[in-house]
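What follows are several structures.
Next, two complexes with subunit A in common: one pairs it with subunit B, the other with subunit C.
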Partner chain A sequence: MNPTTHSYKADGDIVSTNASQHWTRLESAIQNVSENELLEVDLRAANMVDSVGLNVIVKTIKTVDARKARVRLLIGSKSLKRICTFTRLDQKAEIVGP
Partner chain B sequence: MDADSSTPHNHLLLVDDDRSTRRIVSFVLCNLGYQVEAAESALEARQLIQKFGFDHFDLVLSDYWMPGQNGLELLKYISSEDPTLSVILMTSDGERKILEKLIEINGCGFLQKPIIKDNLRKCVDDASAKTRRLRHLRATESQANTLGENQRILQQKQLNGEWANIEFTFSSKSQASGDFVSIIPLQSGEKVLLLSDASGHELSSALQSNYFHGLARGMLKHGASLSQVFEHFNAILLEEWNDDSLIGHSLAAIALNFNREEQSLSFINAGAPHPYFSKADGFASKVGERESFAPLGWFADPFETSQTDLEPGYICAWTDGLSDLAESIGIDPLSLADRLLNKNLSSSSLLSQAQDDIAIIRVTPPCTPADFHPMVPLISLDLTGDQVGQIDHIQAYCEKSIRIVAPQIDCAYLADLLVCLREALINALQHGCQASPHKSATLRLARSPDLSKISIQIQDEGDGHDFDWETHAQAAADTLIPEHRGLIMMHSIPSRIDFFEQGSRVQMEFEHDTSLN
Partner chain C sequence: MLQKIKERIHANWFSATRQPAPAHGLSTHIRNTIGEVENVFRGISDNLDLIDEKTKRLRQDCQILLAAAGGQNESTQLLFRVAEALESPMAFLTSCLQDHQRNHDLMLASQQSAADLLKMQNDMVTSLEPLKFMLVFFKIEASQLSEENRQTFHSVSEEISRLHVLVDETFQKNIRNLQDARDAILTAEKNSKSERVLQSQRISDKQSEISQAIDSLKGQIEANAKTSADLDIHTNNFESAIGTLVMSLQYEDIIRQRCETILSDLDQKPDHVSDASWLVLMASQIETAAEEIRQSSNELNSGLNAISHQAEELYRSATTMDQFEHITASADGMVQMLLESLESIRGMLEQSTQLSQDSREAIQPVQNLTKELSAVVFEVSIKIQFIALNAQVRSIQVGEGSGLEVLAARTADISTELRTLGDSTAIQINELHQAVDELVNTIDAEWNGGKQQLASVEAQSPALEAELHALRDSTLNSLEIVASLSEMVASFSNDDAERLHQLTLQSDKLEAFARDLRAQANLDQLKPRARQKVDAEIQALLSDKQGAMHTRVHNDSQSQSFDLGIGAHLQNRATSSKSLTSDNIDLF
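So, the complex of A and B:
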């Protein structure tokens, strides 16, 4: 049986100058996530996620993890996928992408 | 040119189907000093024009209503074949309103019948003077085109003849340009590269700039120093500026003097944009210290002199038309210069946005070995710590600057490069400069000659920070700490990264398996 999936779709890059706005919206989405459920963060519109943006994702993973739920990252850019690998986020969340 | 109608050179073509009108008007015009050819129809008028040529006539005076073609059709024919030849249409009062409208559209004269002698005289005098003015302008334009073409050819030949590794491009907004570049070899073996930009876009600007180069050539070959050349020409312009009978000119100029023996570059700048000097790594900095100088012709002694040691690399210089265009597009002038110097990419749409003439020159100093190809500078930004809030703007500036040079660049490669640039620059501004407006950082970006590599250097005034990235990377992964993720990216993404001075200077290289284009 598939877990209940909640989703958050980023409308573009997540970088230092808009990270707090993304976090506000993500936080709302996380409120609805319960144990064993899945939060799908759609980053396919993002060409770039900088370190502050990555921190938003890290914070999302940690908050969702505290709720005993999981995060899936949908990625459209090879560059972003490499970054998730380099920064080892792929060990903490499921990565789906190119 | 004298517009007096009484000279015997004024030829007029009179067209009217009414014989008595032809005779009377011809008589009056001959008495006024015109040589008159008469035609009874538009068709005959066209035959006379073809027989004598358009330039034979100063004016066509034609009735409107005639059998066959009317006067308006004759006007259209003349306007399309020779828009400089003035036409006056004659008609009676009943048709006046229609004709006035048509005349407004076609810009010809109008004479109401019955014709009054004084009106006739004024009308033909004005119209023939207009023809002469337009023909003078046409001739001037043609001469200017020839001059401009000669200017382009001479510059290219002169530059290529004097310097093997010189890249030069030139674009003018009018026929001839006030921007001019030349190389002057001195008896000592030194070479002087002279770039000037006279104010204005008219022919006199081109002459002014060219005169300056001729004067400089003569003075330098007779042993004068560059300073003496600049001082002398400044004095000439200052004198001209104060002469009410002439339109004053100013001239921005820069002279680069390459001394092969001393491996040094001395330069004088009077109102021109700073030149840039890069070494083998392509990281370019402005040559000179002060931000701006007045051009020659404004004040006494307005120019800057300076000297720097030379190494293999590039010297790039340009006129302010390039700086203005780069600013309006939102890219670095070095990138725009690189794009405009690239003969394999069309730049016509870019140049169509230019508001001014553009001359660009890029040379390798004489000490550069012929088989050595330095990195090519693309971006040189000096920033202050408080600009960290403008990071999106700076990133966009860098992205546009790279894309203008490599329009087909791979998006993932560019994203890798930009995220590292962003991280390193935020570190430099936020931590190295403590976001202070009083502390500065530099961003330099260069490409390899085959565009297979882009390198970035970012330097700040801070003390640096010792960073054990292996330990921190593992900690970031294991415990999801928020810190150091940017540095981890900078370590992992580039083909090569080097830290100097405890990390206050970082250099990254991004290689691509194929050329970026």
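So, the complex of A and C:
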């Protein structure tokens, strides 16, 4: 049986100037995630994620992990995929694309 | 002079009339080949120029990362600086946890004192109970006395009655307050204990995490100082592969020289050389040129493959970056851990300060009550003594037999009993007062310390966090450079492979021309003696040509140096080609 999926769609890059807004929205999405459920974070509109943005993604994964749930990251850019590999996020969340 | 003019006319006439016919379109094809070779080599050189530029930038970034890995630059110092900034608040929180046992003891002592006081208050109320009955006795006794003595009895009983009301009201209130205070202490103690246990676990985990990360970083720095990082090795290999390819580009000079020589020779056959020898010489020169083009193409192709392979290795190494995992790369690495530590330390300090404030607010009424109780017990004790004394004085005034002296004596007993209880209560109150004061002082000190630590962390955090983010951004940027370098090399390799294929086709066509020329020479039809003469003539001609040709230069040390100087190589080659061209014309 497929787990219940919650989703969050980023409307663009996640960088220092808007990271806190993304986190506020992500945090409220995370509140609805229960054990064994899935949070799908759609980052296909994001071409760029800087260190502060990366922090938001890491925090999301850790918070969801603490709830014994999982995160799936939908990636659209090669650059972001590289960052996920480089930071071993691919070992902590399911990465889809590009 | 006349002889020279004759010779020139003779030569021109013979060259015009006796030149062997070269294969049709050969000159045009050789010119095309020269142009094609130049295009291919120039294209590869231009690509290498771009790659070289990126490699320089990459090398700089790698140096920064390698210095960080070796603990030799500001990046590593930053990590230690942040860890140091966390030490003081961490030590403060630890000392708060250690103080908490003392606070816990004080709270338990305060709670016990409050319980003892409650009992004492009840004892005092019990001690005053006989006063109720005495008032009844007073009334009975007073009814049998004269009016004057009755008034005296009445005034004494009134004083006792007022005291009783005072004691009832005050002590009931105190008992209620003491009960509330005891509950408040218990609640504060319970909350504080459960929160502090959680906090203790968090602080312990965080301390252990930071400590392990710092130890790991130190160990890593020590190891990296001794061994070369993979990234450095792959960058060196990549540069070396580029250097080798640059050296391969020397083929351009040789091919160009060879082709121009052939072009020049096509129309300038010396009179003393036979047509057959000249045609074979041309065929041989063209075959050599074709072979050189083929070799050049293969060598460049293998050079491009080597660059492509090294770029892939470099990319793989950069995206893995095992040696930098604990510094900047991993999501669990130093930067991430320190960023999270700064945030959690802020949270823990805020929580600790809030806990202190909550405890302080819970204890405050108890502190006020101890002051109030002290004053009330003193007042009750003084009043009962005063009433007892007054009763005794009045009983003496009334005289023996009125019964008042018995009641006065009983009141005096109660007074004594109450004073003893009051003294004990005062001591107990004092103990509670001291315990609560000490508790309040400790909590205040924690609160003040927490506020100071919080202010300090909040003042330092933004700058430290910004530096940590800048460090990670720089690493991510390096990763992008490596990635784009790798993509660029892959793209160039594909383009260049196509160009090199075109060169091979040119080479095939040149070989076809050579076969035509050899067919024209028709050496197989010559008689043995004539054939020997032609072979010797060809050998001599070839020997002359070989001695005059440009040769390749191998320079391994150049390929290992960082500054590939591709631009300079290009310039040198261009100059060399020009000088060779003019020299060759003179030579041949």
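Heads up, the rule we're going with is that the second predicted complex is superposed on the first by the 98 of 98 C-alpha atoms of A that agree within 3 Å, B and C clash if a C-alpha of one lies under 4 Å from a C-alpha of the other, contacts with A are read in each partner's own complex, and residues count from 1 in each chain.
Operating definition for what follows: a contact is a pair of C-beta atoms (placed from the backbone, for glycine too) under 8 Å apart; a residue touches a chain by one contact, two chains touch by 3 or more.
The structure displayed is predicted, hence computed values, not measured ones.
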- Task: Figure out whether A:25 sits in contact with subunit B (first) or subunit C (second), or with both, or with neither.
- Result: neither
- Quick one: classify A:78 as touching subunit B (first), subunit C (second), both or neither. both
- Task: Return the chain, subunit B or subunit C, that is in touch with more residues of subunit A.
- Result: B
- Looking at the overlay, does A:87 come into contact with subunit B only (first), subunit C only (second), both, or neither? both
- Message: Just checking: does A:9 make contact with subunit B only, subunit C only, both, or neither of them? Give me first, second, both or neither.
- Response: neither
- In the superposed arrangement, which partner chain does A:47 touch: subunit B (first), subunit C (second), both, or neither? first
- Item | Contacts of A:55 with subunit B and subunit C, given as first, second, both or neither | both
- Using the superposition on A, tell me which residues of subunit A are in contact with subunit B and, in the other complex, with subunit C. 16, 50-51, 54-55, 58, 61, 78-79, 82-83, 86-89, 92
- Residue numbers on subunit C that touch subunit A, as the complex places them: 318-319, 321, 325, 329-333, 335-336, 339, 468-473, 476, 479-480, 483
- Query: Hey, which residues of subunit B end up touching subunit A in the complex?
  - Reply: 389, 391-392, 411-413, 415-416, 418-419, 422-423, 426, 473, 476-477, 480, 482, 485-486, 488-489, 491-493
- Query: Considering the complex alone, what residue numbers of subunit A touch subunit B?
  - Reply: 15-17, 47-51, 54-55, 58-59, 61-62, 77-80, 82-83, 86-89, 91-92
- Listed in rising order, the residues of subunit A that touch subunit C in the complex are 16, 50-52, 54-55, 58, 61, 78-79, 82-83, 85-89, 92
